[in-house]
Amino acid sequence: MSLNPSETAIVLIEFQNDFTTEGGIFHGAVKGVMDATDMLNNAAETVKEAREAGINVIHVPISFTDDYHEVTPNPYGIMKGVVDNGAFKKNTWGTEFAEPLAPLSGEIVIEGKRSFCGFASTNLDFVLRSRGIKNIALAGYLTNCCVESTMRTAYDKGYNVISLTDCCATLSQEEHDNAIKNDFPMFSQPMTHTDFIAILKNEAALDLKGKGYE
Amino acid sequence: MSLNPSETAIVLIEFQNDFTTEGGIFHGAVKGVMDATDMLNNAAETVKEAREAGINVIHVPISFTDDYHEVTPNPYGIMKGVVDNGAFKKNTWGTEFAEPLAPLSGEIVIEGKRSFCGFASTNLDFVLRSRGIKNIALAGYLTNCCVESTMRTAYDKGYNVISLTDCCATLSQEEHDNAIKNDFPMFSQPMTHTDFIAILKNEAALDLKGKGYE
Amino acid sequence: MSLNPSETAIVLIEFQNDFTTEGGIFHGAVKGVMDATDMLNNAAETVKEAREAGINVIHVPISFTDDYHEVTPNPYGIMKGVVDNGAFKKNTWGTEFAEPLAPLSGEIVIEGKRSFCGFASTNLDFVLRSRGIKNIALAGYLTNCCVESTMRTAYDKGYNVISLTDCCATLSQEEHDNAIKNDFPMFSQPMTHTDFIAILKNEAALDLKGKGYE
Amino acid sequence: MSLNPSETAIVLIEFQNDFTTEGGIFHGAVKGVMDATDMLNNAAETVKEAREAGINVIHVPISFTDDYHEVTPNPYGIMKGVVDNGAFKKNTWGTEFAEPLAPLSGEIVIEGKRSFCGFASTNLDFVLRSRGIKNIALAGYLTNCCVESTMRTAYDKGYNVISLTDCCATLSQEEHDNAIKNDFPMFSQPMTHTDFIAILKNEAALDLKGKGYE
């Protein structure tokens, strides 16, 4: 299949300073995988091509109030990591978009994200449905947390999901590799940004197959 | 039953200038019912008492980008009314909160609202669940549109729902009265703000019965 | 617009004996409006034409365990009416489909419905999305309860919603008329079954406008 | 913390013959991990203790119509595996519950499951909320597919989530181990069934911490 631009979006998850940039609260935690995959440059190149191809570029940032008073007072798991480290506070530099991946005027910025799946506390599904978007390509942080949760939900909601394997990063190479090898193919068609750009340019077709039971 | 303050919230729907205030785009359309019920003063008084009682005050505004590019390009029904009239645009006076009902520091402002049910495109359910809130009292605009849709969904989600009948307004007295008489009791316990304040002050008990089939 | 049959469904809400048929637990409560609108015959005729036109016919029944142990132990509002009357129990005659509106082999029967909106506790949205259905026409019970809640949610989810005004019934003519006059046009295009059949047969076009603010 | 039995449930995902039993369509695919962990016996023992402790036992089966006409005509990924292999068809032996894990009378059987997250197309969230259940312990198939998707969504919805690591199985030991090591601690508190039983018996406390960023 080929991708109708108006029905296709690249969904950029949390390209914000607390992840992307030296000095960001979790930058150190993800820097290893970022460097290994060169994901920031790959994502920036993909967005540039996406804009030229006329597909939708949708930004999904996360943010919290200063004292996290809108989330549970007793967090555990990954949320506890956010709260304990004081990450992604509104109106701080840490929640600002990384420069090469910041929204242009007229691009959609999803609102409400407080939890990990990109759909769970946001207007993402509303926007995608309202705009008639059927195909989404995912990039961002963390490979096996927000990106994968968003992927799983998008798959269950019937979207054609592409995962951009070299446009993601997480806390360790092992987690990154395992997610891409074992989980991504169940809920998406994984591919490199180069392969995705070729599809955008109609130099290759999308073969959406993923992985079933073997 | 009595209301545990930490498990209770008043949910204020769209107390924004485009509805509330002279010069607002839809103010003329709702002014008749607003005047008849004195809903703005009633709501302000209720919020004041809610703050004193220590219950959560949660604000649910609606807003859109300047060209509505995040909603369907072919709206019909009530959305078409919003778009055609250019209402509730971000960063305009029309989307600002009405003064007596504006959020105080530390109060939760729900994000993402683009459609009519207060849950449909927002983080409202996430916040209510995260904070352990079980009881919600609804006020705002329109009685039979956003307020009623929010009520219906809240009921289906298992909240104890109170509807503040003299803290709402809509396009005509007929619509207002019919919604309160016929629909509100199926999905909530309707009451006046005076009765709700008595419950907040533990001067009366909440008898949550509504209306079943007769 | 015309309706692509594969993208269109008629969604039949609770055409089950407890509503439809003499002896059903709530039949007496809805018989007045049923007789006034002849809704059962209208719905049956519409389904016959829908099948001939090749559009999807989707059935949305409600049912509960014998002691309602899967719902709240403290129901209020409309749910209390169901529980107190012992209605819609699984494996009873009351939950069986009314004969002229029973599913044919190969038609989809939605599962899980325990609450009032047809989407809230079911796989309805999953099925509609999976099948690529964009346009839905609603019929059934109660005009201002399950039918209207399903309509409101469908609208917020971006479906093109048609409400079949003479294929619904509720507890009183007043409630029926008010819902159709005041609420249905905000969230759907209301029309009679005759007008809908004309659209199905391509003898008329669908003009999806509803009602905005005036 | 200790677990209030009425607020706690064990959620059993797809203990059905197509997974559990010799001759089941996917039994061969999961037999390796099942044998290695003895998960069937562990789950059965846990359910026995759960019943004695008076916590809710909730069953989440999956099933499809004979020709899968309610799912997408063009499946990819894990759904394609289900369809191509003709698995989990209604009214076949393959969808029946495995004997030691079948529902007792009065236990809740969730309806509607067609996709992979246990919440996505079912009444699971409705039931859990209606019954006031806050704590859920997950067991079943596949470790990194339905179990993990259900876990991620449950976490985002604010449940206290326990994952029973030796009561799950998937297609390979590698996938099983990686999910438990890398993903489960972000969205749940992983533990063995023995540790969970000790908590049920109030011989140990629940320490819900999981894994944040390090």
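Letters A, B, C and D name the chains as they come in the text, with residue numbers starting at 1 for each one.
Throughout what follows, a residue touches a chain if its C-beta (ideal position, glycine included) is under 8 Å from a C-beta of that chain, and two chains touch if they have at least 3 such contacts.
No experiment lies behind these values; they were computed from the predicted model shown.
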Query = Which chains are shared contacts of chain A and chain D?
reply = B, C
Request  = Starting from the Cα centroid of chain D, hunt down the chain whose centroid lies farthest away.
outcome  = B
Task = Could you let me know which interface, B-C or A-C, is made of more C-beta pairs in contact?
result = B-C
Query = Would the interface of chain C with chain D count as same or different, where same needs over half of all numbers used to appear in both copies?
reply = same
Key: Separation of chain A from chain C, taking each centre as the mean of its C-alpha atoms, in whole Å   = 38
Request  = Please compute the C-alpha centroid of chain C, do the same for chain D, then give the distance between them in whole Å.
outcome  = 33
Inquiry  = For chain B versus chain C, what separation do you get between their C-alpha means, in angstrom?
reply    = 27
Per-residue overlap in chain B, given as positions that touch at least 2 other chains = 72, 115, 120-121, 126, 130, 156-158
Touch-based graph of the chains, sorted into line, ring, star, complete or other = complete
Inquiry  = Applying the document's contact rule, which stretches of chain B touch chain D when the two form their complex?
reply    = 126, 129-130, 156-158
Key: chain B contact footprint on chain A (complex, rising order)   = 65, 67, 69-73, 106, 108, 110-115, 120-123, 125-127, 130-132
Message = Applying the document's contact rule, which stretches of chain B touch chain C when the two form their complex?
response = 26, 29, 72, 76-82, 84-85, 87, 115-117, 120-121, 144-145, 148-149, 152-153, 155-158, 160, 171, 174-175, 178-179, 182-183, 185-189, 208-214
